[in-house]
Structures are given as structure tokens and as C-alpha cells.
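Scrolling down, you'll hit the structures one after another.
Look at the two complexes coming up: chain A is in both, with chain B in one and chain C in the other.
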Partner chain A sequence: MIPHPELQAADFTPEPSTDSLEQLSRPSLSYWQDAWIRLKQNTRAIISLYLIIGLAFFTVLGPFLWTKDPSAQDLDQISQAPALPKTALLVSDYEPWTPPNVQGHPAEPAGYPDNLDAVTNFATVGTPNTQSVRFTWSPVQDAGGYSIYRSESKPNGLQGLGLPLETLTAGNIVGFEDRLNLKSQTYFYSIIPTDGLDEFEVVTTLKVTPVQSITVSQALERGLIEASDAPGRSVSLAFHPFGTDYLGRDMLARLMQGARVSLFIGVVAPFIYVLFGVFYGGFAGYLGGKVDQFLMRFADFVVALPFLLFMILFKIGFGIGPGESGVLPMLVALILLLWPSTARLVRGQVLKIREQGYIEAARLLGGKPSYLIARHIIPNTMGVILVTLTFAVPSAIFTEAFLSFIGMGVAPPTPSWGSMCNEGVKTMLSHPHELFFPALFISITVLAFNLLGDGLTEALDSKMRSRE
Partner chain B sequence: MLKYTFGRILSGLVTIWFIATATFLAMHAVPGDPLMNEKATTPEIRENLARKYGLDKPIAEQYVIYLGNMVQGDFGISFTQQNRKVNDIIQDHFPVSAALGILAITFAALGGILWGALTALYRNQLPDIIIMFLVILGISVPSFVFAALGQLLLVNINQWFNISFLPVAGWGTFAHMIVPSLVLGLGTMALLTRLMRSSMLEIVNEDFIRTARAKGLSPSRIFFQHQLRNAILPVVTVLGPQIAAITTGGFVVELVFAIPGLGRYFVQAVQQLDYTVIMGTTVFYGAFLVFMVILVDIIYGFIDPRVRLK
Partner chain C sequence: MLDFDFHDIEPMTMPKILILTLLIVAFTNPVMAQSVDAAAQTVKIALAQEPPQLNNMTATDQVSIFVLGHVMEGLTRYDRRGNLAPGVAERWELTETSATFWLRKDAKWSNGDPVTAHDFVFAWRNVVDPKTASQYAFILYPVENAEAINQGNKPLTDLGIQAIDDFTLKVTLERPTGYFLKLTAFVTTFPVQEKFYRATGSAYAADSKDILYNGAFRISDWVHSASLKMEKNPNYWNSKAISLEVIDAEYITADTRARLNLFIDEKIAYTQLDGETYKDALNNQFRIKKFVTGSVYFLEYNYRPERITHNKKLRQAIQAVFDPDEFVNKVLQTPGNLPGASLFPSWIMGVNKPFRQEYPAVVTRPDLAKAKQLLREAKAELGLEDIPPLILLVSDSPTATKQAEYMQGMLKTKLDLDLKIDVQTFKQRLAKMTTGDFDIVGAGWGPDFDDIMTFGDLFASWNLNNRGRYNNPEYDRLVRRAMNSNDPEVRMAAMAGLQTIVHEDAIILPMYEQGVIYLQHPKIKGMRRTVVGSDPDFTYARIVP
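The block that comes next holds the complex of A and B.
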């Protein structure tokens, strides 16, 4: 028998409180706060997010800051490459010009000459401008005429003279005026004396850079000058930072308006069909059984439809009336065809979550179906839905661009990035900027949404959460 | 396996019926009239034409006739080219699209597997970074831009070197097929590279790789025999849907490179509202795609025994 020790009240001192030990050392984070922190560590995703915000500003606020009318044509600057603001020389309206006629010089040579000298004193008259470039030269002895060529690159002797402009058939007419589609760029004019029939192998070349010019009546018509302004002064032309298209419409303004169309389709269509898919899939997954089987069978059929063919079929099925842009039919066709993928995904998620232990626990604690759906099932599928939505945007933008490119999309004159590419591809060789800018905007948008989607997938993956 | 195959084919047939019905309904919702462009100047001529094409019958009866003809493989006669059968059009133009598509998917699959394996081998090193940058570019740039750029490049190469390196457009020889099919396969190649990379990286962590390494297999044998062969499986799964993407994506390439394929013909038929050609090509394409997906699934069953056992 062990004797009991004598216990005093002092032996029972209370332990210090353990409350402080049980407190969390770091603040508790919700799923979304945690995902946001992980997303912020992903530089590429954050840059993409800023890009998307920038694009949204470009689309929404752009037209208020850059107020140029996207459908106004600037006829002075057609297919203009991106450049700084340009000025033009104000010249008087065109008046016919008579080339100088050298008195006493024979118009036709007496016989056929064996040799002709090259033309000398080949020079311009007045300021060469884009309205007209005028030349004169000294008459060549025994010449019966002159041939004039124009080239955009420097000719090599008699090679590469370029465009034959004119063949004069008199030796005493020593002037010529070029008014053929002149641009403000360097031209090489070549002149060859002839005996009235054949050209001789002597050439004189002159380098001319016409000044951008505008006539008084044109400038008045476009409101660029006052009626009192005299020719000779310079006039500043409309500024097109991104250049103009083949009808002289401002590219920047068109890109902004096109962004409205492209991004409207690209964002609204996925939003609606993902929402529909969530309800459809959630409904099927929650009810289960025969209803689920039937609903999903139907979704499978819709998935099997060849997507682009049916986009085109539905679009013409809805029809585009005169004056309509065709945005709405495309939106409806996208929604009709693309909802099943989200529905399948959400149904799978719901089926998985329904079997999870915490749902069972919540049900045992007396949670009603509506509570379970609202508190547990929907929040837990939100991550997957958000990722789907992010990836759905680029594919919708691609579809719009693709359809507009083959001429089945938005009807002109409504610009969209795809239809702008369609127009730009025709002048790709001579004016690459008309294809480059819309293609660049499509690529940047698609890239930003794809990278953001990648980032979101990683950030919202609950497996990653437990790894830390 | 036989039961599985049979079941898949049966459900495929039901899907084709659904496609045919949806096409029929969509076409009959189209505003306007296929006879609108005809020289149906008087009501009598219109009536005769309507009778000729069976358009005077009630819609349900038209549907039954349409399905009946389709079961017999008869898609009818073109509306705009009145002595040409839709079957003939498909026979003439589909082989062109198919040849282009097969070459494109070959490029895409080989390229995707090769680049994907390379990136996984050189993970986070220079080759990986370069290839993944190109992949992102391939996913983000629309196919028509690639088509235009490809053509531009060809023009320039032919000009600079003053040779006809490869034809810029048209159809006929193998040389005509190379650049269009590369352009067509580029997007898919980018997707497959990404997929291959992630699948390769997943497999590195598998137990059987560790076992292989532990029992002293050479790294190259582990790479080719164990890692690569297993990593290809997910790539094969997406090949079915990707064939669909490539065949329909062929429209743009056919338009840009002036290739007389079925895609270009379809776009033309839509513009002319050539009912029978639109319906015929849609159903034909749909059936083709459905069976392609089934074929890939069955092939998958042969490659991966785990699917067969299920």
C-alpha cells in the first residue's frame, strides 16, 4: 500500500492560459484571397491582366479620346503608312500647262540619224509636288522625239527604267508633265531621245522627290484652310498615327471601333454560354439519373456538330438584313454551339463534389439542398468556371476573326479586327500595316487571355495550395 | 473490344442523323429562296422549278425524302450548277482537302511530339524557352495571318534567289502542298507541343521511371522506351478533335493559297445559297469527323491496353 502524499492546495497551481497558443499566427485566408496571392506571384499572368485592362480602356474610352470618325475617308492620305503628322503644300488649282516649244528647232529630223546625244539640262520646272511634276530639257540635235520613264528605284543605265510615261514625237517639244498617281516619295525619271520611232541607247536620269501638296479647292472642301489663304503656305493634314486603310479611313479609329465588335463578341458570347452551361450542367449533375443521362446525351450531339460549318449555317439561317452589322447572329450562333463543353465540365465537377466528405458532413448537420448548392457546390466549381471563361474568350475572338476573314462574319462597313485583316490581306505586299495592326491586336488579346488563363489554372488549383 | 467498337459506331450513326436534321432545319430557316437567283420570271416557271427540286411538298415530306436519299448516299443535284451532282462535287474536291489535312496533321503530330519531347528534355533551359515562346506565338496568332505570311515569305524567297523554290499558290504537285499544310498544321502543332511537354514532365515523376532508373537502365533507354511512349498517349486522345479543327480550318488556307478543296467550295456554296451543296457537304463533313473521332478512339484502345480492359 503506497501512502498517499499529503497534498496541499498550493500543489494545484493553474497552468497559464493556452489561449495564445491556439490563436493563428497568420491571418486566415479565404480560397480567393489565397488564389489572388498566388496569381500575383505569376509575372506573366499579371502582365496579361494589365494588358487586358489596357485593352478594355482602349475599347471603352478610346473613341472618346481619339474622336476621329472611323468611317470618314481622308482622300489625301489613302493607304498611308503610320507616320508623324504631315503637312502639305497649298498649291493653286490645276491649270493646263503647255510644254515649251523651241522655235527654230525642227520637229522631225531631216534623215534618220545614226547617233543621238544624251539629253542635257533635264530639270524640273517649279516645285515638284504631288499634283504635278513638270520637266524641261534642252533639245537634242536631230532628235525626232523623246521617251520618258518613271521608276521608284534607281535605274542601272538602260535597265530598270520603270513605267513608260510618254513618248513625244516631236524634237522641238521639250517639256512634259507627270500627273500619274504621284506620292510623296523619291522617283527616278529617265529620258531617252528618239528619232521619232526608235529609242537610242543614251539615257539621262533625274531624281525627283515631289512635295505632298493639296489644291486650294480640295483644302477648302475638307475645311483645312480659310478662304483667304493663298497658295504657297503649308497646310497640316489630318494626323493618322496608325496610318489609313485602302479607303483612307483612320486605322486607329477603326481599330477602336473594331475592338468594340471583336471584344463584344469575344466577351459576351462566352459569358452567356458559360452561364447557360453552368446551369445546364449543374442541373444535370445535381439531379443525376435519367434526367442527367438525357440532358448529357443531347449535349453530346451538339458537341459533335462540325463547329465552323454550323457557325456559318446558323449565321446565314438568321440572315443579315441590309444595314445590319451581323454581330447578333454571330453571337447567337456561338452561344447555341458552344454551351455543351461548359455543361459537361460543370456536371463532372458537381458529380465529384457531391460525393465529397464535407458535403456529406454538411448534409448530416442538417444542410438543405439549396444551402448545399449555394454554400458549397457553386463556390467550389467557381474556379473551374472562371478558367473556362478565360480560355473561352480567345477562342471566341478567333472564331469571329476567322469568320470575318472568310467573309462570313461581320458585314462591312462595320469594322471588326477580323474583317480588317480580310481587307488588309489584299494589300499585304504594298501596305503591310493594314494587315499588321488588326492582326497584332488579335494576337495580343488572345495571348493575354491565354496567359491569364494559365495563371488562373495554377492559382486556383487547390492541389497547389496544400503543397505550400 | 468488339462490343465497344460496335457501340461507338451505333452512337456515331445517331450523331450523324442529328447532324443531318440540324442541317435540314438550319437550311430551311434561311431567309430567301433557293430559286430567287433563278430565271424564274413567271410564276409558272417558278412552280415547275419548285416541283423539280421537290420544294412544293410539305416540309415534313421533304425531310423524309431528304433522309431517304441520304441513307442511299445521294445528296441531290446542285442548285447553281444544274447538271452537277453534289456527290460528284464531293468526289472531286474532298480528296484535295483530305490530302492537305493528312499532311497537315502529320506535320502537327510529328512536330508536336518532337518539340514537346525536346522542351521536356531541356526543361527551363534555352531550347525550352525558345520553343515555348514559339508555341505561345503559334497559339495566339490567327491561322490566316500565318497563311498570308507564309505566302509572302515564299514570294520573297522566290524573288531574292530568283528561283522557283516552291510554288506560291495553286494545286497539283507535292511541292504545292508543303507550305499550305505546314501553315494549316501550325496551330495544332503548338497545342500538341504544350500537351506533350506537360505529359512528359508528369511522367518523369512516375514510380516506373524511378524503378527503371534504379535498376540501371541507360538514360536514353528510359527516355525513349518508358517516358516518350507513355507521354504520347494524351497526344493521341486529342488527335481526333484536332483532325476536325484542321479539316475545317482548311477553309482559310484553301482560300489564301487558291487550293480547289471542299472548304473553298463550301464557302462559295454558302455565298450562292446553293442548298443541296451546303447540306451535302455539311453532312458529309460531319459524318467524316464523327468517324475520325471514333477511329482515333479505337486506335487508342489498341495502343493503351488500359482502355480495352474497362
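The block that comes next holds the complex of A and C.
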């Protein structure tokens, strides 16, 4: 038999309370701290976050660091690809030039010659520069004119002569001036004699590399030189690290200005309509019943409204005249038409949460509705709300890009990334950088917001809480 | 022709796009279809579209005019070098009040009947008949009573045309019309045999057998919407001067890309290029040719008194900073366009030489200091501290915004003037131009007939195409003087005065003369591009071996 120990009164005194028992082995983590830890482990999301912060700096601080006027046209550097700074020769202002006319040489042949000799003494006059390239040659017997071509690659006989620059219809005019969009690169000029109508099968080709140049008045206008500077010296041209567009406007400055429009629409519109959707959906979900039915049917009605049509109606309704920016009606249309999806999500969430046991418990313990909403319902829907917001941002940026692409958005000369793409796509093959940069910025922004949204979904999911 | 809008090479104006998109195909080798064949003198052409109307009295589109120009002939025609030459009429006499034509006796219809003066009387009456509703009836307005008849106020028989005998035609003129002869080379004035027309009834010109031909070619085979073949007309009076045996439009497509591919495959020997396709043509090492279409593009101001642009100093300030040379070379960037200098394009003929050679337009280099001074004066006259933003109305064509943006940036930098760009569709732009809902509009004008007057009367106070409501009695007086005279010297002097007014009053800001580029097989010789009428003209073309 096991002897019973003698029970004493002391045995029934409570154990003295020590903190060490209640002590948690790990630091207490709030919901947000936990979410942040899990987000930090998601490399993609963190890179995206840095990208978004970088974009914010680019948009807000960029214009203070890169002070070029985004609408200033630099016609000496049209469609310039990204390159290092260039220098140019300062030349005097352009003066029209009259090509030489050979006295005594007939302008038109008497009949229709069967053969013509090739042009001889085809040479440039003066120094060829990017303002003008001037030529002269010896007149050809029986010629009724000359055709002049320009190619960027060496022609192979009569093949690949390139752009037709001029068709002179007099045999005695023996000069020509090319000013067509000259760049500082090698050109092959070809000249073919004609009988006034048809070209003959003889060609003379000349290789010319014009010197990059700028006229005194253009340089003065852009503040590149002092008024006392004389032609002949070298001038540093404006530097365009991202190149220029089809009117010689600085791409970097335009991207920064365009980012303001794109990110303004992309951030402000979703923020407002998500906020509205949260209140609307939360209200409907919490009250439930007939009110909920009514509110949600109204949300269904709004979903059915066509966005583009309303965008146009708002534009008219706002009295946006021709040539004025359509950004404000775009913002209003986005806010008024896109909130129902958030409202639906939040309502569903609220309906679910309010039936949960802990809510019942809180209510039984005397929690007031305001306490229930603030303490339990909103924090539990926060994950959904944030995720909706991060996914709404790229879709709004896309919408802006699309509307500007079809001409419903910003008014020139204000750029937005979408309108820059629209212009760039026209010269996609010849000057790809005009499309590439705005498209790249749209892509990066949209991707960054999407990846961040993905990361947030995982981080804010309470079921994932405290998992390692 | 209707107004056009800013364009560079790619977009042709709507009416022109039809004509300029013809393609030619020929055989180089009797077995394999290739683009040219010298032995058979065969040319196949592909059209931009099915000719919608081969009845010359009502045809308005460029494809129909192209076909008709080859298969029919008027009193006069254009020769190889583009000069006016005898057609059905052997010789003529033009006075202030009338024109008499003596028809050649060997001009025959394709059914063997001679072409007589009665055929012209019938056709011309039909053109001005209100029941015919020909859009080009106004071409005949210089003929006595034509306008009244066309508006239904007089009977058809009052038209000032009469057949004195089978081969003598007398036309009475409403007023002296110096360019009347040029009108007789236009398709609307071509003859129609009454007997044949009555016999075919409403089917006239519906198919190849439903037309009588009197031109250098005749339609031998027409598969609607698929192909159209023209063969040399043995009955043509001058057939020995025609080298080509066959012009065969084997393809009908409006797709420039498809046509370029056909050209690359040597299935066609001619195609127009646009901004989309010319780089490919360059890459394929083709020899590209260029042609000035004849259209002039300019900025037109609104002269209604409530508009700021009625202020002359403001317009002159804009004129003083705009550099058409820079615009053409740096902004348009495509070859073929000429810098604008005048309302009159450089190809318009004067007395003996091109008008612009006889009366050179004033070309001023941009002068910023002068422009700023003019702008200050304009502000003082208007009593304004700042000029409010001006509305620049343009079409939504692919390059219009680019050109408008250039103007916007240029005026902002140089004069601190604000422009708002109003982009509208072609139709909507015309509507806004008509109601005067603009300050400045990007407009253009293409010639209807080969005379300076097609441009000259554009800003006459009565002209409905004067959308800005420009009203200057001196301008009107000069237009009237040129209209009422037969003497080229007097007419051109009046037009020179008008050119000066256009410049000094800065009525318009000439921007450019439009040029286009195209590909042509090098073995085709003598193909002529023309500004008015049948373009391109193969009548005197030949294929060289």
C-alpha cells in the first residue's frame, strides 16, 4: 500500500506568481510586423517596392535634377538615339543658294536622246554640314535634267540608290542643295542624267559625310553660345541621355513629365475608388438585409456602364474644349465607374467576418458596433483592401496609357507614357528608342505593382501567420 | 477638289488616294508573268479599286478618271511632255466670247462611227442637266447658260454649244475664260454618242461592252472587282503613235503593302509608296521616284471679326517666325515635298513659263526681332496684355498632330504664343471649318483643273471654300479681272497682284507643296505623272528591252 503523504495547509497555498511563467519565449508580433517580416522574405516584392520608391523619386524629384524643358524642340537632334554628348560646328545662319546655271547649254534636248553620258565632276561645294550639303557637276550633252538620290548604304550600280531627293528638269542647272533631315553620318549621293522625263542607266556616286553643325541663331536661342561667338568654333550640343523624340524633344524630361500624368492617374484614382469601395462594401456588408440587397444591385448597375462612353460623356460634360487635357474627366470616370469591384470584395469579406465566433464573443462581452468594426472587421479586411489597391494601380496606369494612346487623354505638348508610345509606334522601325523607353517604364511600373500586390497577398494572409 | 489636311508622304488626300494607287504589271517573258515585256509591249495594271463610274459625264473619282483618260479622248489632250495638244479637235479658235473647234474626220468610235460635233453637244447638255446631277458640272460653267441650266432655271437647249456641221463645234462662252481649252481635256467634257447611249439606257458604262471608246485604248476584258484589261484601240486616229499594246490591271487592291509585295515579286511594275512601305522599298534597293501631287498645304486663319486672328499684325508675326524650309526638311522629313511660299504651287503655268518663275513669290527668311515687334503691335491694336490661346484645328491624319505640335512648340518658344490643338476627323474638321469654329486651321487645296484660277479664287469673298471668311475688295477685284479676261498677260498680272496680297496680308501661311514617292519598273519609259486628269498617263509609254 502506498502511503499517502501527509497533506498540509501549506500545500494549498497558491504558488507565488512569477513572471517567468507568463514570459513568452519570443517577442510578441503584431499583425503588421508579422506581415512585414514575411514580405521582406519575398525578394520579388521587395525589389518591386524599391522600384516603386525609385519611380516616385524619378517623378517627384527628377524634374528638379534634370531641368530640361520637356516641350523644347531641338531640331538639330531630331529622333536622336541615346548617345554621349555631341559637339557641333558653329556655322552662320542659312542663306538660300541658287544652283549654278550653265549659260549656252540647252535646258531641253532637241529630240529624245537614246544615250546619255554619266555625270562628271560631281563634287560638293563648300564644307558639307548638317545644315546643307551643296553639289555641282558638269552639264551632260543632251540632258534634259538630272535626278539625285541619297542612300545611307553604298549603292550597287543602279540598285539601292535610296531616297529620291530632287528631279531637275533642265539640263543646264548643274547644282543641288540637300537639306533633308541631314545627320552626321555617311551618305552616298547618286546623280543620273535624264532626258527631262526618263532616267538613263548611268550613275555617278559620291560619298559625303556632313559635319554636325548648328547655326548661330539656333545656338543663341538655346543658350549654347554667347552673342559674341563667331562661326567656326565648336559648340557642345544639348545632351540627351535617353535620346530625343520626333521633334527633338528630350526623352528623359518627357518621361519624367509623362510619369506625373501616368502615376497621378495610376495612384490617385485607385486610392479614391478603393477607399470609396471599402466604405460602400463595408456598410452594405455590416448592415446586411434589404439595404445590402439594394446597395449591391446599384453596384451591379454601375458595373454595367461602359467606361469609354462615360469617359467621352464626362469630357463633354466637363466642358473640356479642344486641345485641353482630358486627365480630369479620366480621373472622374475611373473613380465613378471602377469602385464596385472593391465594394463587392469588401462586402463579401465583411459578411463572412461578422458571423465569426470571435465577433459574437466580443458582442456578448458588450462590444459596441464601432469597436467591432475598428478592432475586428477592418483589420481583417485590410489584406483584401491592400491587394485590391496594388492591383488597381497597374490597371489604372494601363487605362491611362490606352486612353492617351487613342487620343482621349493628355493634350499636346504634355506627354504621358501612353501618348509617347502612341507617337513612338509610328517610327518603331527607324527610331525604336521613342517607343522603347515609355513602353519600358509602363511595363516596369505595372510589373512592380503587380509583384508587390502578389507579395502583399501572401504576407497579409492571416492563415499564413507565423509560419516560417 | 475638297480641302485636304496636313500630310506628309504617307497619306494621300482622299480623292487622290484612289488614283495614285494604281499598279502596273507586264510580262517580261512570254511564259512566266513578269512585270514588263518589251516584245509584246504589254503592261498589266492593278487598280486601287474597281472603277466606280465609267460614265465620263458623272465620274469623279481618280480610278475612273484614270481609266477614262486612256480609253476616251476629248477635244484636246496632253502630249508626252504634258503640253496641251490636239485631240478630237484638229484645230481651234478661242475668242473672248466663243470657241470654235474643227474636228478631225478620222476620229472614230470603237464601233467605226466617226466622232462628230453632235456627240459633244449631247454629252455637254447631259453633264449640265440637273437630272444627271454630275458633281463636276461646274467644270462647264464657263459655257453660256450652263450654270442656269444646271440650277434648273433654263432649258437644256439654251446651252451655249452648237454643232455647225458634223465636224465643226461652236461654243459660246458665258464670260471670257482663258483656261477654257484646258477644260476640254478633262473627262467630264469627253463626247458620248447619243445613239449608243440611248440604246444602252441605264446600263451605259456598266460593262466593257456598254461603252463606246474613242481613245488610244479600249477595255477588252473587265471582270468586276477582279481585273480590267485595256488593249490598244485600232480605230484610234493616232494609233501609230501608241507603243503599248496592252495595259492589264490584273489586280485590284487598295492595300499598299500588298501592292509593294506584288512589285517585289515582279508582278506589277508601278506602285505608290507611303510612310509605312517606303522603308521596305529602300531595303529592297528599289529606285524610288518622286512626284509633286499639285496640292498646296497651308494654315488658314479665321477672319471673323470676333476672332483674334483677324488682326493682320498677329498673322504677320506668325509668318515672320515660320520657316517652311525647316518645316519640310526637319519635320516632314520625307523627300518630294517643297517648302511652301505662295498660294500658287510651283507647277502652275503662267504666260509662257511656270507662273512662279515669271512672278517669283516673296520668300523671306524668318526674322525673330521683326516678329516680336509685330506681336507687340498686334497686342497694342487688340488692347490685350497677352494673346489668349489660339485654337489650331487639324485632321486626325497620322502626321497632323506632329505638324501641329511643331507649330505649337515653335510659336511657344519664339513668340510665347499658346496654341491648343483641336484634332478632328476629316468630316468633322470640314464642319467646324464651315461654322468657323477655329482660329487657325491646317488646310490644303488640290487642283480641279489645270489653270491658276483653281487656286486663285479660293479667298474670293463669294467662294464657299473660303472658310475663314476673308473679305478683301481688292482681292475680289483682281480675281474678277483675271476671270473676265482672255489675255494671259492680264490674267497672270492680276494673279501676281493676288500673290502679293496673300503674302502682305498674310491671308494664309503656306507650309508645303505635297510630294509623293513611288516605284516604277525601269523598263517603262514615257509614263507621265500628272497633277490633273488621268494619272499616271500611260498613253505614250513604251517598254524598252
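The working rule: the second predicted complex is superposed on the first by the 339 of 468 C-alpha atoms of A that agree within 3 Å, B and C clash if a C-alpha of one lies under 4 Å from a C-alpha of the other, contacts with A are read in each partner's own complex, and residues count from 1 in each chain.
What we mean here is this: a residue touches a chain if its C-beta (ideal position, glycine included) is under 8 Å from a C-beta of that chain, and two chains touch if they have at least 3 such contacts.
What you are looking at is a predicted structure, and each value in this text was computed from that prediction instead of being measured.
A.B. asks: By the touch definition at the top of the document, which applies to A:Met408: first (chain B), second (chain C), both, or neither?
C.D. replies: first
A.B. asks: After lining up the shared chain so the two structures overlap, which partner does A:Tyr246 touch, if you call chain B first and chain C second: first, second, both or neither?
C.D. replies: A:Tyr246 contacts chain C only, not chain B.
A.B. asks: Classify the contacts of A:Leu197 with the two partner chains as first (chain B alone), second (chain C alone), both, or neither.
C.D. replies: It touches chain C, and chain B stays clear.
A.B. asks: Looking at A:Val208 after the superposition, I want to know if it touches chain B, chain C, both of them or none. Which is it: first, second, both, neither?
C.D. replies: After superposing on A, A:Val208 lies clear of both chain B and chain C.
A.B. asks: Can you tell me whether chain B or chain C touches more residues on chain A?
C.D. replies: The partner that reaches more residues of chain A in the superposed model: C.
A.B. asks: Just to be sure I read the superposition right, which of the two partners does A:Leu429 touch: chain B = first, chain C = second, or both, or neither?
C.D. replies: Touch partners of A:Leu429: chain B and chain C.
A.B. asks: Between chain B (first) and chain C (second), which does A:Ala81 come into contact with in this model arrangement: first, second, both, or neither?
C.D. replies: The answer is neither, since A:Ala81 touches no partner chain.
A.B. asks: Name the residues of chain A shared by its contacts with chain B and its contacts with chain C.
C.D. replies: 407, 429
A.B. asks: Would you tell me which residues of chain C are touching chain A in their complex?
C.D. replies: Listed in rising order, the residues are 80-81, 275, 279, 282, 285, 287-290, 325-326, 329-331, 333, 335-336, 363, 365, 368, 389, 391-393, 396, 398, 401-402, 404-406, 408-410, 412-414, 419-424, 517, 522, 525-526, 528.
A.B. asks: Would you mind writing out the residues of chain A in touch with chain B in their complex?
C.D. replies: Within the complex, chain A touches chain B at residues 300-301, 304-310, 312-314, 316-319, 394, 398, 401-402, 405-408, 418, 421, 425, 428-429, 435, 439, 442-444, 446-447, 450-451.
A.B. asks: Could you list, by residue number, the parts of chain B that touch chain A in their complex?
C.D. replies: 14-15, 18-19, 22-23, 26-27, 29-32, 136-137, 139-145, 148, 152, 155, 244, 248-249, 251-252, 255-256, 266-267, 270-271, 273, 278, 281-282, 285-286, 289-290, 293
A.B. asks: Where on chain A does chain C make contact in their complex?
C.D. replies: On the chain A side, the touching residues are 71-73, 75, 78, 93-96, 147, 149, 151, 155-156, 158-165, 167, 179-182, 196-199, 201, 217, 221, 246-247, 249, 321-324, 407, 411-413, 423, 426, 429-430.
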